[in-house]
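In what follows, chain A forms one complex with chain B and a second complex with chain C.
Up next is the complex of A and B:
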């Protein structure tokens, strides 16, 4: 069983900063259906933004659990204190792994922010960040 | 002898130095460099500016260094470099770079920075490959400080971990003793 994940970071002005897909393999035919709806992922994630904006007021936690559902896909979200949103689309039920994944991503995001050459709310192009997130996904999601 | 430098350096660091928050220091330096990059849009220029800023720091810092450490005259350039590394760097940055790769005439050597607090958090933009020496201010500090004690040197980064190299290395070259000359005006 291989799950498919779509992960995106949305900046404070609703601009996407980073996106990644995990577990996407095109080789087997049963996945081609997922492949076809892949373009929807961005829509689903960004459609959740309004719900997230409301949900942040109901809790003091940064992790907002699963907020939205679209067909098979659950939308989980993590909002940093500065209102940067980490959105993860996943098929299985939200569990501690997903929570840990998002929290660890937050750590990496802080490291990115500490880099004097990074400007807030610009796309994250750092290869180190990319690599860290990928290995995190392998550890906690796949 | 080498041990003596180390103990003195550690003693000064522990007892005679006021420290500031590391992040404050790192971010301040980081934003200076980032701003220079933005303003000059040319890494060569940025290196030069950092070196100049370092020079101006160095000519002041040496006085503070000498009074705090109470260190007298060094007998040769080798001793000078040891003192700089074990006491000077220790005192201001709490690191002690390794002095190595001496040339046969003892005029050129390398400072290997095993760690560099300035580098923390920093990831250089991808297009800077071997053009921007992020910590170039250190070269300026060395030049400025030694000029005030009548030694003309030249210091350059030749590798830096931020550029993907294995080590950070500053090449220091002794040029000549200045004889009773007035220091150059701040440039």
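Up next is the complex of A and C:
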């Protein structure tokens, strides 16, 4: 059984920078329940922001583990030193793969940040970034 | 870069503000990059740790040496001073006489501000040249933290 993941990056002023979904199967046989609740993912990630804001002050770690739960979905979060939040919604238990995935995403984000033509806190539209994150997801998540 | 900015501003204050805005973007990026290169990447949650980080790591990454001193102001709770005896920016820039009030270290001040802002410590940073004997370029970066940061420090202490 494949799992469904929803990944989003939220900037300093709660601006969404990037979002992606992994493991979504395109089947024309009856829409699964997962398909139908897809739109909820954004709300769940958004609701977790408040919890993250409280949690960041209690630790200096970047990876905040699983912070929130909504039905079967776990919300894991990773906060960069400049307070950009990487939020991952997943169904299975948080494990090392998820931590590695988020840390690797952080590295790609820094590469984007080092581009002088990218303005901080604006949506990431780079196709390279998209491609890298997708291949990461294939390696660690699916 | 200085010429670029100077051609687009009116007055010294505007000039310094523009320069510091240019530095701001650098600051946020420097924070992410240097932190990633550290042995154990972490987030700094306390103001003092952030300032130490700037004093040691950021300064080393930017100028190849540590800043000369970091002091807390005795008069005001919310002010910190960062000293550099020979800032690279003013070593190689000669300021014309009619702009004697102008300080091009505003750019470096902007970088500091960017780093602090990235760590959620909103602050105003200004640069002042304070010559002492045989150190004519000694510059003080005055860091004034905003009140909500101080309030949060109190809460975190408890």
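Everything below uses one rule, namely that the second predicted complex is superposed on the first by the 137 of 142 C-alpha atoms of A that agree within 3 Å, B and C clash if a C-alpha of one lies under 4 Å from a C-alpha of the other, contacts with A are read in each partner's own complex, and residues count from 1 in each chain.
In this section, a contact is a pair of C-beta atoms (placed from the backbone, for glycine too) under 8 Å apart; a residue touches a chain by one contact, two chains touch by 3 or more.
Please read all numbers here as calculations on a predicted model, not as lab measurements.
Participant: Following the overlay on chain A, give me a clash-or-fit verdict for chain B and chain C.
Facilitator: Overlaying the two complexes on chain A (C-alpha atoms) leaves chain C and chain B fitting together cleanly.
Participant: Which partner does A:57 reach: the first (chain B), the second (chain C), both, or neither?
Facilitator: Touch status of A:57: second partner only.
Participant: Output check: A:117 vs chain B and chain C. Expected answer is one of first, second, both, neither. What do you get?
Facilitator: first
Participant: Where does A:125 make contact in the superposed view: on chain B (first), on chain C (second), on both, or on neither?
Facilitator: After superposition on chain A, A:125 lies in contact with chain B alone.
Participant: How many degrees apart are chain B and chain C as seen from chain A, counting from C-alpha centres and rounding to the nearest 10?
Facilitator: 50
Participant: So which one touches more of the residues on chain A, chain B or chain C?
Facilitator: Of chain B and chain C, more residues of chain A lie in contact with C.
Participant: Please indicate which partner A:135 is in contact with in the superposed arrangement: first for chain B, second for chain C, both, or neither.
Facilitator: Neither chain B nor chain C is touched by A:135.
Participant: With both complexes overlaid on chain A, does A:81 touch chain B (first), chain C (second), both or neither?
Facilitator: So A:81 only meets chain C here.
Participant: After superposing the two complexes, find the smallest distance in angstrom between C-alpha atoms of chain B and C-alpha atoms of chain C.
Facilitator: 7
Participant: Once the complexes are superposed, what residues of chain A are shared between the chain B interface and the chain C interface?
Facilitator: Residues 114, which sit in both footprints.
Participant: State the interface residues of chain C toward chain A in the complex, per the touch definition above.
Facilitator: Answer in residue numbers: 25, 28-29, 31-33, 35-36, 41-45, 118-120, 152, 156.
Participant: Per the contact definition, I'd like the list of chain A residues that touch chain B in the complex.
Facilitator: Answer in residue numbers: 111-112, 114-118, 125-128.
Participant: So in the complex, the part of chain B that touches chain A is made up of which residues?
Facilitator: That would be residues 27, 30-31, 33-34, 37, 120-126 of chain B.
Participant: Could you list, by residue number, the parts of chain A that touch chain C in their complex?
Facilitator: Chain A reaches chain C through residues 12, 56-57, 59-62, 79-83, 106-107, 109-110, 113-114, 119-120.
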